[in-house]
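So, here's a batch of structures to check.
Two complexes follow with chain A in common, the first pairing it with chain B and the second with chain C.
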Partner chain A sequence: MKINEIFSAVYLFKNNSPAVVIGRHQNPFLEADIQYVDENGIDFARRHSGGGTVYHGYGNLNVSLLTTQTNHCRPRNLQWIAGLLNENLGINLIATKRDDIIFADERKVSGTAARIARGRAYHHLTLLIDEDLDILRRTLNSPFKNRIKTNATQSIPAKHVGQISQEIQGITVNEVKELLINSFQKQFERCNIINVNSISEAVFPDINKTQKELQSWEWRFAKTPQFILDDDIQVENGIIKVSSNPEYQLGSQFYPISNDILNQQQMNKTEHLLS
Partner chain B sequence: MASLLARSILFSTARNPSFHRCFSTALPRFSTSSTGRFYTRKHEWVSIKDGVGTVGISEFAQESLGDIVYVELPEVDAELSKGDSIGAIESVKAASDIYTPVSGKVTEKNSAVEESPALINKSTYEKGWLFKLKVSNENEVEELMNEEAYEKFKQEEQHD
Partner chain C sequence: MLRHFVGKNCKLFKRHDFIFRGIHTTNYLAKIVQFKLADIGEGIAEVEMKEWYVKPGDKVNQFDNICEVQSDKAAVTITSRYDGVVKNLHYQTGSLVKVGAFLLDIETDAVEEESSSEVSNVADSVEEAKEARKNQQKEEETVISKDGSNESGHARALATPAVRRISMENKVDLSKISGTGKDGRVLKEDVLRFIGKIPQLDSSKTSSSSSPSQSAAASPIHITPGKDQTVPVRGYTRAMVKSMSEALKIPHFGYDDEIHFDNLMKLRSSLKHIGKERDIKLSYMPFIIKATSMALSKYPILNSSVDEKFENMIYKASHNICLAIDTPGGLVVPNIKNCEQKTIWDIAEDLKRLQEAGKKQQIRPEDLSGGTFTLSNIGAIGGTYAIPIIFPPQVAIGAIGKVQKLPRFDKDDNVYPAHIVKFSWAADHRVIDGATIARFSNLLKEYLENPAFMMTELR
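Then we have the complex of A and B:
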């Protein structure tokens, strides 16, 4: 089935195991605590689209709207979703100019990103429903904040993070998913709803190649725009090019060393400056 | 005054189908452009001088994208084929692919826009160029649109 030729749009709804996902041009070490992520079985990915960093686990619903470039309109999609949830759940969500969805008191429940290529586009967003917000805050708290100089795009952290279960106790990801699917279905003359349980090359040609690319060290880490850590360690294409710190060997792949040593050095530096 | 006159004549003849039938084959082919820039349907431009092409995105593209926050450019010495996806521009959360208008080997990338992507918004045709390449086949510009054809193309696109 050639989806793009028969249908004008494809909408994806998915839920997945815990992961930190950074935008295409971001620095993972600046955006997240990569060591904590690795030590706790949380996945780390870099997406093709732009935008900032998110943490999402089983309490989050990912929505992806694939259309032609002409029909790509993020504000319209967000107002649709917010309006729908407000109408059905009796809550008050607002789609902002920044393409976020927030409660009136600025608690952010959804972030957006997009990709445009070859006359097609997708708008994808997270929707926090019933997530562990403590883990979310922990993973997105990088020990390297303020210590990295780079022109990578940087996330603008929300003042407050919120989720739908704060307003509607006991609501589940599945309930929200069904709500959205039912409403979207009504918008179109013809709509097929398909459960995708496995991804095969037969149904999605070239998917293996894309998956391999996205899982590679090159894409996830080496693609990080060049940066300087602590005014000393220079990293380009994932490799340490300059370093006076013995913990970060020249020529090796950059990876955060133990927090203790880093923090200790930082504290020593600060003490020295203050004395 | 003179330039205004020239523009209005060009515009009216472009609209006149008989003009096209007299002076071009079925596919309009252009080898001159009033600004020296030739455009693709995806809103990139190339300007060739002494075999070196300078590539950028159009004013229209920059306006549609909004504030540009990051530019991903091809590496020097990369061999590109016309139409290849060779980088991306990120603006307000959307990452848009850019395609090369012509084939060739990259000789230079604009480090100024890598450091200050906003240059593309502020100075699209002067300081906001993206990369330069040694053009392998100058005839490829004949398949692109000159300034006048690009104006027409944009108007037609808006009415779709």
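Then we have the complex of A and C:
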């Protein structure tokens, strides 16, 4: 998204259907249960910014702050958002040094990521308001945890996940969105608020090309830094390069096998924990 | 010969005592430069190397992507400061790199001066250098790439160290020289020309006139990481700040249309030989300008001005059509006077004159004043859509996208390739209504799509 020279910042607020989003340099198989994701109509995407993996659906608000590189300051943005919500909702959110937003008892309600390139930057964050946290936990529980060796960025899972509706009964994403937008507006001399209902090539030139790239197997899977599963299967650029396991065929695209014995054992363990 | 001398015993960043035996205007001296990871800001001391976009042997250009690093949660793209060939990479993916460490070696054409160690590879960064450190000997350079928002001011000229050396040896102040290189860069040829060693481009170049349009410094500024630099807003930029602030008070409404250029293209190619004879390059702009002027004759309200207090509307007789011209000092909007009285060739000549003057930043004050209507040819830079902003006291503006080949249906429902140009109009809604702009646009469309019709309406 281009920043018009006249404007100093562009802020985006959005909300979307259930999806798990990994950071640019992450391994999807390590971060999420990809099979569960596919079987349950959850989308999977890899974003351009760094950081860890998040799950977000309709109960989450995504906020994106696009500025010049000089004006990019995540702690300032997070303190502002936390302060604003505290003031207006009477809750007690804290912006941590790790750029998370948590309640005092360490329940994490927001994760942050950023991208800096060519003098511009964006800081985006999730804000859990009214989400299905069981699905979130299930999605982010990979059967391959501890079985993959890689240089990919690994998420540091929060000890506890929380959301605003736990403190304020009945709060909606829209309410929080309006709160933020009103406050943002006051910061600027001039502010345009635009509702983007459709993303068309006519209004955003080249968006189709970008969308295609983001939806491609190459970007989502092949971009995964090389890794070794179970000290046996080596995957590079999404393709299995070494494997003694017949379930994972040499030369094919790597995809979790459902009747993988080890996989099954892990699954049993997890289901037990969740029940 | 010189290359051999350097290649042998070259310690990087050592000051070499060169004696220029003669002036050559060709590139010389390949030099290995160690590319440092510059300060990314945010107090970050260390990053992780995530991905290389280049490998040894690859040719890179300035501003090409070099690698991806990650610091905490920020994914940062590092771009090249140099043109050259990649020699070796110092880090593997997955390793930690400290800020200030050398990422890779590039063999370049430019000679590095001593202690020019810290280079920023975050091109386009708008971090600013502190006024005080400007005087320090340590040379730290950052290059801003042209993003349409160059700033003018009392700042260091954009030039390679080699050029800087020549100018120092000849006791020439680089900031006084207009650069003809990319982004207004001062090239060796510019320095030599300035000191008279090679012939001038044209005789009027030597002394700059004292008109206000010259007060903008010729060269873009250098910005060093971690240091603020205060630059007074002057010249074109100052004018733009003022006029843009005024402009946004006007309620704009937009109107877009697409125009088929196929007939115009045929017409233009049939005139190429005459253009050659007259030494005038006929782009589409002269046609568009003339057609606009003709359409303005039918809808004179679009060529009017309002005064600030809205007491009067002045319908201007002259069609002084402004064009946005990108110059090294920023965006300039001179106008071609009395288009309603000029032929298309006259307009083409004026356009050529303004473009050349713009490059040298010698557009005269009379060229800048008195405009009545503006056409912005943003398509020359790229893009297909634009939201143009009106220049008060004008009441309308048009932005022209680039020519695109797109599929369209003809009257028999067959698909054929059409050359389309999108025009985006904006008008002051206090005085112009939608119907007027729509009809004006339709008429212009008719003229450009059917040049024969345009010809019959010529006075």
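Here is the rule we use: the second predicted complex is superposed on the first by the 256 of 275 C-alpha atoms of A that agree within 3 Å, B and C clash if a C-alpha of one lies under 4 Å from a C-alpha of the other, contacts with A are read in each partner's own complex, and residues count from 1 in each chain.
Definition applied: contacts are C-beta pairs under 8 Å (C-beta built on N, C-alpha and C of every residue); 3 or more make two chains touch, one makes a residue touch a chain.
Since this is a predicted model, take the numbers as computed values, not measurements.
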item: Combined model on chain A: chain C and chain B, fit or clash; value: clash
item: Chain B versus chain C as contact partner of A:Pro205, first or second or both or neither; value: second
item: Broader residue contact with chain A after superposition on the shared chain, chain B or chain C; value: C
item: Chain B versus chain C as contact partner of A:Arg147, first or second or both or neither; value: neither
item: Touching partner for A:Arg190 - first (chain B), second (chain C), both, neither; value: second
item: First (chain B), second (chain C), both or neither touched by A:Arg24; value: both
item: Which of chain B and chain C A:Thr68 touches, first, second, both or neither; value: second
item: Which superposed partner A:Gly51 touches (first chain B, second chain C, both, neither); value: both
item: Footprint overlap on chain A, where chain B in one structure and chain C in the other make contact; value: 23-25, 48-52, 70, 74, 99, 112-118, 121, 151, 153, 225
item: Residue ranges of chain A touching chain C (in the complex, touch as defined); value: 5-6, 23-25, 48-52, 68-70, 72-74, 99, 112-121, 151, 153, 190, 202-203, 205, 225
item: Chain A contact footprint on chain C (complex, rising order); value: 40-42, 48, 50-51, 68, 70-77, 79, 93-94, 122-128, 144-145, 147-149, 244, 248, 383-385, 389
item: Chain A to chain B touching residues, read off their complex; value: 23-25, 48-52, 70, 74, 99, 112-118, 121, 151-153, 225
item: In the complex with chain A, residue positions of chain B that touch it; value: 69-70, 72, 85, 88, 90-97, 114-115, 160
